[in-house]
Structure formats: C-alpha cells, structure tokens
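Data first, discussion second: the structure below is written as structure tokens.
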Amino acid sequence: MITVIIPAVLRGLCGGTAKLVIAATTVDGLLRAVEERCPGFYDRVVEQGHVRPELMFALDGEVVPLALHDTLRSGAEIAIVPAMAGG
Amino acid sequence: MEAFEYLAPATVAEVYSHLGNGKTTLMLAGGTDVIVQLREGRKRCDQLIDLKHIPELVAHGFAGDGTLIIGAAAPLAELYEDTEVQRRLPGLVDAASLIGGIQIQSRASLGGNLCNASPAADSSPALIALEARLVIGSRDGTREIPVEEFFLGPGRNALRPNEILLQVKIPPQPAHSGAAYLRFIPRNEMDIAVASSGVRLRLNAAGDRIEGARVAIGAVAATALVVDVSALAGRAPDAEAFALAGAAAASAATPIDDMRGGVAQRKHLASVLTVRALNIALHRAMEAR
Amino acid sequence: MPRTQVQTRLNGVDVDFLCEPRQSLLEVLRDELGLTGAKEGCNNGNCGACSVIVNGRVVNSCCVLGVEVAGARVETIEGLAHGDKLHPLQQAFLDEAALQCGICTPGFIMASRALLEREPEPDEHRVRYWLAGNLCRCTGYDKIVKAVLGAAAELRDAPKQEVK
Amino acid sequence: MTTVEKPAYSVIGTRPVRPDGVEKVTGKAQYGADIRLSGMIFGRVLRSPHAHARILSIDTSAAEAHPGILAVLTYRDLPAAEDKMEELGESNINVKEASDNVLASDKVLYRGHAIAAVAAASPHVAEEALAKIKVEYEILPAVLDVRDAMREDAPLLNERRFTKSMGGVMSEKPSNIAAHNQFKGGDIDAAFADADVVIEREFTTSMVHQGYIEPQVSTASWNADGTLTIWTSTQGAFAVRGLVAEILRHPVSSIRVVPMEIGGGFGGKLPIYLDPVAALLSKKSGRPVKVSMSRTDVFEATGPTSGTHIRLKMAAKGDRITGVQAVLSYEAGAYPGSAVGAGAMCMLAPYNVENFQLDTYDVVVNRPKTAAYRAPGAPAAAFATESVVDEIARQLKIDPLEFRRKNASRQDTRNVMGVAFPRIGNEETLDAAINSPHYRAPIEGPNRGRGVASGFWFNGGMQSSVVAAVNTDGTINLVEGSTDIGGTRASLAMQLAETLGVAYETIRPVVVDTDSIGHNDVTGGSRTTFASGMAVFEAGMDIRRQMITRAAKLWSCTEDEVVYEDGGLRCLKDSTKELTFKELAAQSARTGGPIVGKASLIARGAGGAFATHIVDVEVDPDTGKVTILRYTAVQDVGTAIHPAYVEGQIQGGVVQGIGWALNEEYFYDESGRMVNSSFLDYRMPTALDVPNIDTIIVEVPNPGHPYGVRGVGEVPIVPPLAAIANAVADATGHRFTALPMSPRKVLEALDGLE
C-alpha cells in the first residue's frame, strides 16, 4: 500500500481528504487509483502523458522528479509538490 | 564611447591654443568622472585635453606665506599623503581621503571634483570652510574667486568659455583654529554623500571663546551652501553653541528627495554632521594650541 | 579613428601598442595586449576588479585611457609571480582559501600589493579600509583580510621575496 | 566544531589548496570574457528604455548601413516558439517566454528588455550602430509593485494569462497572478481560538540582485555545417545547450557548450540571455562573436530575486507554536516563475507546527524576469517567520533560542507538504548556538542589541556524471561536468582520494564541455559536492573493483580473496602478495589495459540543511545607520569535506544577507526605470562594512550520502535578514517589517521624520 498526501488545492476533488492509502506499483497506477476516488485529479497532475513540469513529488521525505513509469515500493509515502530550483 | 581626439600639452599656453577652435573640448585630470561620463554618453567631446603633463597643474606645495597651492590636476592621494598637509590642514585631508576608494584617490583631483560641480562633491564644503580660492585662467590672463562662488548648479560651474581651472589656493589657517569635514553615507566607503558638512572653528587664545566659525554643507541643495553661523561668535565652544550651528545648517538646507536620501533625513543629517564636525574641529583647535 | 602609438613599461618590459584614444587601459590590456588578468566588473570605477598599478599607485584600469600610460610603469597580476615562484600574497590567498569564484582575486591582490608596499604593518581595519574599493560577492571578505594580514607578516619576515 | 558520529577520514576534513587556485591568483584562468578567437568580433544588445510598451516597428536599416557593422539581429531571426511549458533537465521553461526574453517580439515587459543586437570588429562601433536602430513604441502603463499588480484594474502584462493552480485554471478573467497554491494542515481556526498569544504582521522585502562580479558574457562560433560552439559563463553547460537548442530549434548534438571559469552566479547564471544572440550573430556574420553585458544591463535585464509581500499570523500556547497562517505574494518579474513555493515550503521547516495554512501567489510585474538567488524564496519567508517567532518569544519571556529549541523540528516531524523529515541537524544546530561563546557573552552598551534567527534549505540531488582515468604513474584524471564556482574541483577530488585511499595531490580534476562527459545538471541547489561527490565515490568504487579483478589475476586467486584498503591491495591467503595503488596502476597495460572508473546517476537522499545565526548590532540614533558588531553563523553541513570552503560559503552567504537586510534594493522611478543600476548606488557590502564572520560547523552526517555530505551553499543566506531585524528591534525597541533597513528608513522610524 502507498500513502498519498493530497495537495491542499486538490483536496476539494477528494471531499477534503488530505491523505489516501492506496494499492499501486507505479506512479501512473497510483494517480489513476486516486482519480477513481477523486474525479479530475489525474489531469491536474498529468498533461499529455507527462507529469506537469511545474509539479514534483516528495517520495519518503525527499523532493524528486518522478516519471509516470517509475515504480513505488509498498509502504512508500508520496506527496505532490510544486517544482522548485536551487540557486 | 564616441571617438574623440586626445591632446597632452606640456604648458598651459599650449592648452589655450587648443581652445576656441570650435571643437567641443573637455579637460582630463584624474578622469574618474569624465571618462565614465563619456563612456555612458552623459558627456561628449571632439577633443580631450590631458592636463597631467603640465608640471604646475599636478604639483602642490606651500608658498612662503603658508598658502597651500594645489595644481588642479594633482591626485588626491599625493595631497593627503603629504605629512605637512596632514599637519596643517586635517580638514582638507578629511575630504580628500574619502572621495572614492584608493584606486580613485590615486587619480582623482580636487580640480576635477570641483569642476564636475556635483552638489554632493566632498571637496566643496571642506574647501569653503577653509576659505579656499580658485585660480582660473584663459588666454587673456587669470582671475581668482572664492570657491563658494564657483558652483552655479548641479554640473554647472563658473568657468567661462575657453577658461580652465588652474589651481586651488588654501590660505594659512588662523591661529587657534581647527577644521573638519564629515559626510554621511549608508556604507562606510565607496558612496555618494547623502549630506555633508565642512566646518572651521576659530577660538581665542584661551580657547574658551569662539572668535569665528565657518560652516558649509553639501548634498542638501543645488550647490554647496555657506551657512550663516555668525551667532556663534563670542560664545563658549560648547554643545549649546554647536546646536545653534546645527539648527542653522538644517534650516539653510533645501534638499531634494531622491534614491540617495529624503528631505527630512538630509536636513536632519546636515545638523547632526555639523555638530559632530564642530566637535572634531574644537578638538583640533585645542590640540593646535 | 586614427590609432595612436603608445610606449610604456609593462611588468618590467618595454612595450608599445596602438590604440584609439577612447580605449581604456583595461581594453588595451585585454583586447590589444592579451593580458586578461584584469577583469571588467562594472566599467565605472566601483568594483576594483580591473585594478592595476601605474607608477606605483593602484588604479582602476577602466578609468584610465590607454593613451595616458605613455611613458608610465604599468604592473598587472601577470607580472607578480617570478617564474614559478608565487608572490607571498598569491600564496596567502591560496592557503587561506581567500577566493571562491576568483574573478575579483587579481584586483584584490594588486590592491593589496600596493598597500603592503606603502604600509608593511597594516591592522585589520586598515586592510578593510584600503580594500573597500574592491568588491567580492563570494567570500564575505573574512578570508581575504586574513590572507592579506598573513602575507604582510610573511613579507616583513622575508622582505627579499619582494623583488621589484 | 560539533561533530556527531563521524568516521575517521584521511583526506576529508583537511584544507588542501584548490587545484585551480594557481591559475586564479596569477590571472591565467580563462573566464567568459577572456576568450579570444581568430577573427572574433563583438556584439552589443539594444534594450528597451520603457518598462511596458508595444513594439510597433523596428527599423535596423541605418544600423546595417553603419560602417563596420557585420550583423544585425531582431526577434525575426528567432524561430517561432510554442507558448507552452517544456521540461528541460531540472528546469521548466515556456519556450515562447524564454525566446521573448532573449529578444522581444510584440511587447517589451521591462526596462532593459532586449530588442535587437549588432556585431562589429570594435565594441565601440557596435555601440555606435545600436544608436541608429529606430524602434517605434506604443507606451503602456507599467505595474511595478506586487500588490498593485494583483489588483483587479492593474495593467495586464499578458492579456492571455489566467491564474493557474496545480494544473487548473482558477480565474475567470486574465490576471497578473500567474499561479496560486496552498499548503494546509490541521485546524488553524481552533489553534488561533485557543492560543495564549496571537501576533499578525505584514512584511515586505525589496527586489535584490545576486551581484556576481562578472557580467554575463557569451562567445559563439557557428560553422557552415551547422555545428555551433558556445563559450559561456554559466552554472550549467548542459542547461545552456538544452535551452539554446529549444530556442534556436537546433539539434542538441550540433551544439557544444564550453563552460569557462565563472565569476559568480548564486543562481543568476542558470538562465540564458546572450547565448542565442551570440550564436545567431555568428551565423549571420560568419565570424566568432563575443557578446557581453554592461553592469547596467546586468542589473536591468538579468534575473534578480523577487520583491515580496508576506502577511503572517502566528499563534502560541504555553511555550509551543500552535498555528501559522500566511499569505505570500512574490514578484515573478516579466514572466511567471518566482520562488514563492519554495519560500512557503521552507518557512516553517525549523519548527514542529501542526496547524497551518500557507497561500502563495506568483505575480508578474514590469521588472526583469526573476531568477534563482541562493536558497530562492526562503530568505524573505524566513524574515517573516523568524521575526514573529522572536516577538512571541519576547512576549512569552522565553529566550528566543530556547523557544526555538522547544519547538524545533526533528526526524519524522512533518513539514508543510505533509512529508516527514529524515535525519536532520536542526536541534544540534540550535544547541551549538545556545552554547556558543557569542551567545554566552553578554551584549552591553547603549543602542546595541542582539538578534537570532534560524533557516532551512532543501538542497538538491539531480543528475551527475564523472569519469576517472588512472594513469600508469598512479595519478588520476577526474573528468567532471559541474561548473566550479567555489572550490568543487577540490571537494570532488578529495572525495575520490578518500574513496581510493590515495593522496589528494595525485588527483587532477578537470571540468569539460558538453561533448566530453555525460549530462550534468547545473551547479545549483547546493548539489555539486553532494551529487557529483556521490558520482565520484561510485567512480572510485568502480576503480577499486577493477583493481581487485586485476590483482586477483596477477596473484591467481579469486576476487574475494583480494582486499582493497588504505590505497593498496593484498591477498588474504598469501601475506607476501601486496600491491600499492601506484604499483598496480603501473601494470595496467599488462593486466587488461587502461583503468577507467565511471559513474552516472540521479543523486537521491539530499539532506536538508539548517542554520541558526547570532548577530550583535549597534544603531546610531542620529543617523539611522546599523553597524554589525559581531556575527556567528551555526550550520549543520553533514560532513565538511573542505572546511575552509565550507566556512567561505557560510561567510559569503551571511554577507549577502547583511546587504539584503541593510542597504540593497532596486530603486525605480515612476516610469519604471531603475535609477541605481550601478555598483555605486546598488550598495553591496564592502570589506569595511562587515566584521569577520565567525562560523560554527555542526556535522550531523547525511545518511543519504556515502560521506554524509549535505548541501552547504544556500542556507547561510536564509537567517540573516530576520536575525538583523531582531537585533535592531532589541537595540531600538522598533521592529522593522520592511527591508532594507536603510539608514533613511531607520532614522525616519526612530525620529518620526517624514
């Protein structure tokens, strides 16, 4: 199972839920599973088959650029965050 | 930068021979203002005349009567490194040693600082306080004016067509007197005065009464201003008297509001700096006794 | 615009070059003579990155015209080391890690050299005052000041290292 | 130095001379402007005198006819670009906007916006020709301040821009608000309802510039076969290659970017400005072209960091921070993309706060497009948080560091993204600050005060690639692709020496061009010593494996009977069989040929960095001038590879923060012209304006790195703004919520002048 932290601005799609626990093995599978519970969620994160460039994921505490095909280990915790760059 | 002709005459007469030929002409002393102004298109010229090959314009020295004569193109560093100048005219050294950084002081001259006629020029209030006079020359001869009469407005000076500034003359300073110059800048160096004050305090032999005072303030009007502090004469050189001078400086100031400072700030600083400068001048006057 | 021929003594060697009057000494050193150690940081005398020594005084070469150095003695960072022997200031900057990006370093070293030639025993405040015309954005100045004070001590102990 | 569970290293922790040092102290190092190619000519760029205007026409005929002009360029020479976001390595760009920022097409959006370029054999002649280009403008009203730009009736920079929020469109009407985002957790209403203390303040910071001493400069040579070489000053050669390829629609494989030595960046040399211009001028003229910026160009046209407006409300109960609500609005400049998100994600990181709501607005204004600047977004946000934390501690009569300690985040504390921290050194840093000589010493004297503040930065990982070739004399050439801004050649060579157990001096690092090494992301995000260091470690381990194989071959034993230790190899079953690294290297030709270690990776496990700063100030009540009397910066660096350069990074960041706090700001006149675009009036600290900066290095090794490295470069600029404001409040009793605290502002506040 994967724990997904729903970004505040998308919680409206999920009836205000901040956190979901979902079975999935890849990023894409996870987002589609969230979509089933939160209609409209997938397209807010994915555009033309890619994660929107302005978004990133925080996987087990670290902000990383994950692609849709990246696999996720069971027990992982993932959050969707705005992309940022360092100086 | 627009192209121009460079001339390096060896005599003042040779300089005059290049003037009045219809060409736009600028003088080059230290170049720390004029070269940048030409590069940034704030000034232009057909010919640039380098004055540094004329011995009397780059020299400085004390005349028999104690007058310090400074060639208009003499670099500041040579002036303030002169131990005799340091001893006799610390108020001049105050100003000369804080115009720009060391690299600027190696080149910049009093003449250039004066002719540039910036309202914030550090040399002007200091020289006014010391009653300096300027020697201006042309083909037709020379004339002398008090330094305070040289400034007509921002970037405008009293040189007439085909005239050049030759020398700055600082008369021997009165007995029992001390002078000082202070400016305020946000940083501690490399900055343009937000406000400044040059003062000279003359005491009686006992050192307990003010015989006369001169105060000039900078960066608080279109030109450096002479402040009327005649009220100080006859008073004891104390905080009360200096506060009077400070108030006079503040009310004389008519500053503008720009990115370097505000109106109220500049008037306030004119007062603060005048009081502080007077305290230094007092200290120097007492030491000189 | 006709170019003027200028003869000067550069790092101990007589050289002559052609330049336009409007070319600064910095442009001449970099573009005409191929000495790129002096850097352009501001081109108006406010950063010191182009510092060189002319007739024993440190100047901003961006505020000097090339034609002005006729007959002058010009020293640049390229002339400071002797063969493979670094000047104590250069060595001190390395040992103290007094540079990060290094763009301001030649200017700081030339300005510091001019200071130490005049004043062999400056204190920290004097060094900071003298170097106020040189901007560094990387180091916060701390290690630069320590390097200059260290080199000053070194030069006092072994003055012979300072060869003209 | 506080050190937690650190292994014994032989090279790491020493202070050797950097490999590129001698060239940099002798003036031989080749920076961007130092290159000279045969036939090279000079390019100059024409820039907009207006802050906001429609371009009606550009007439370059007179410039083309000017004697000596070899090429003239306008937006018409750029390929049409698509108005959409593209992902480019670690950077995301809208190519249309990137292209318009290189050469404006329909509109100019800020004073200094590039419009045209010319090239000639002399830069002076090029400048003469620029003056002959005629541009007709329809001048439009400009909006310069973030709050003005957010108003309903504000002039629009882009009539087709609507407010986005995580992929959705939020506004019905076009707006200057490019993006809104929110971070929310717990129940703030309850937290405020039940608090002992609630403080709400508004904060503003001015737009400031990175202030690197080397202006942008780029030299390009376009060959008849379409191959293009660019010599440039950049934090990321591969990023430049990618951006130029996108903007010029030119194949990446035809572009070689040579990273010259770089004269400072601090984030400001991540974007590109001149590279495509130099490339097209070269294509048109058939000559190599060098294009450089003046200092005024750098101020007016390259990315500074955002001016900001932050409203922050904080609740405390007992000695705990119980709730925070904040609205952050950042100026993005002419195009979207401020660091407001990062600001929000960092601002509460030092604390364990369960109830929070942070709203962020990314707002376009008629100023240059902002760029990253050292911990982008974080300093302004920390200025707000740390000022209010200080005020609450005072109200609660708790020592400000003790109060921070009580509320400190630690491993498993959840940040505002809802994500748990890994092992972090926040508490250790606070303890080191509390116990520091500086904090234990009293502060005395009139008009003097002490302030403290904490700060956080994420640090980055991203892609790195290195190759290490062993020479037969036992020395090693380390080939890397990370720009060395502040000593990374040394920190990477040291990590390889440590991995191989050899002397630092035997390693010769070299930074190469984009044709000569695999992709390396930018030197930014404090990633190089961490991420390229990780690649260096793996390349070293690759060499060790190869050497073990060869030793086993020589000794005819199995590989697991060979051990590599202390820079040598020995055979477990035969103690007579030993070889030093150098001896085996000498035999490479007879044992299978060259020994080359390689590694390419996406570095994971970048540990966040925390800092706490202590500063003493004196305020002159008659002039409003603030003098920094003493400064101590305490920071968890994981492991200090080269302590001298770690200290240098900290000291440099602190002094930039001092400038930001006290004097640096962009002054604009009503027309939108920057009036202080010089080093004279844009007042960065000089050597005379700051004291020595004391550093206390805390080492809580990062479990995500073989040597425990954390990024060092950015977090030092986060605390100073608030630390100094807190010190000024302590000295004067007046709390400044607007930066900079320039003498004028301080005097006006203290003396009630106006």
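Couple of notes before you dig in:
Going in written order, the chains are labelled A, B, C and D, and every chain counts its residues from 1.
Operating definition for what follows: contacts are C-beta pairs under 8 Å (C-beta built on N, C-alpha and C of every residue); 3 or more make two chains touch, one makes a residue touch a chain.
Quick caveat, the model's predicted, so the values are computed rather than measured.
Interface comparison, B-C versus C-D: the pair with the greater number of contacting C-beta pairs is C-D. Distance from the subunit C centre to the subunit D centre is 29 Å, each centre being the mean of its Cα atoms. Between the Cα centres of subunit A and subunit C there is a gap of 56 Å. Rounded to a whole number, the gap between the C-alpha centres of subunit B and subunit D is 44 angstrom.
In subunit A, no residue touches two or more other chains.
Residue numbers of subunit B whose C-beta contacts span two or more other chains: 1-3, 188-190.
In subunit D, the positions touching at least two other chains are 124, 210, 265-266, 679-680, 685-686, 688.
Contact between chains, using the touch rule, shows up for A-D, B-C, B-D, C-D.
On the subunit D side of its complex with subunit B, the touching residues are 124, 127-128, 622-625, 662-663, 667, 675-676, 679-681, 683, 685-686, 688-689, 742-744, 747-748, 751, 753-754.
Within the complex, the subunit C residues that touch subunit B are 1, 4, 20-22, 24, 43-46, 48, 51, 54, 57-60, 63-65, 67-68, 70, 111, 114-115, 129-130, 132-134.
Against subunit D, the residues of subunit A that register as touching in their complex are 5, 7-11, 18-19, 43-45, 47, 50, 52-55, 58, 61-65, 77, 79-87. Those residues of subunit B that touch subunit D in the complex are listed here as 1-3, 184, 186-192, 194, 258-262, 264-265, 268-269, 272. Those residues of subunit D lying in contact with subunit C across their complex are 15, 17-18, 20-22, 24-31, 33-34, 36, 124, 210-215, 261-266, 292, 294-295, 485-487, 642, 644-645, 647-649, 651-656, 678-680, 684-688, 690, 692-693.
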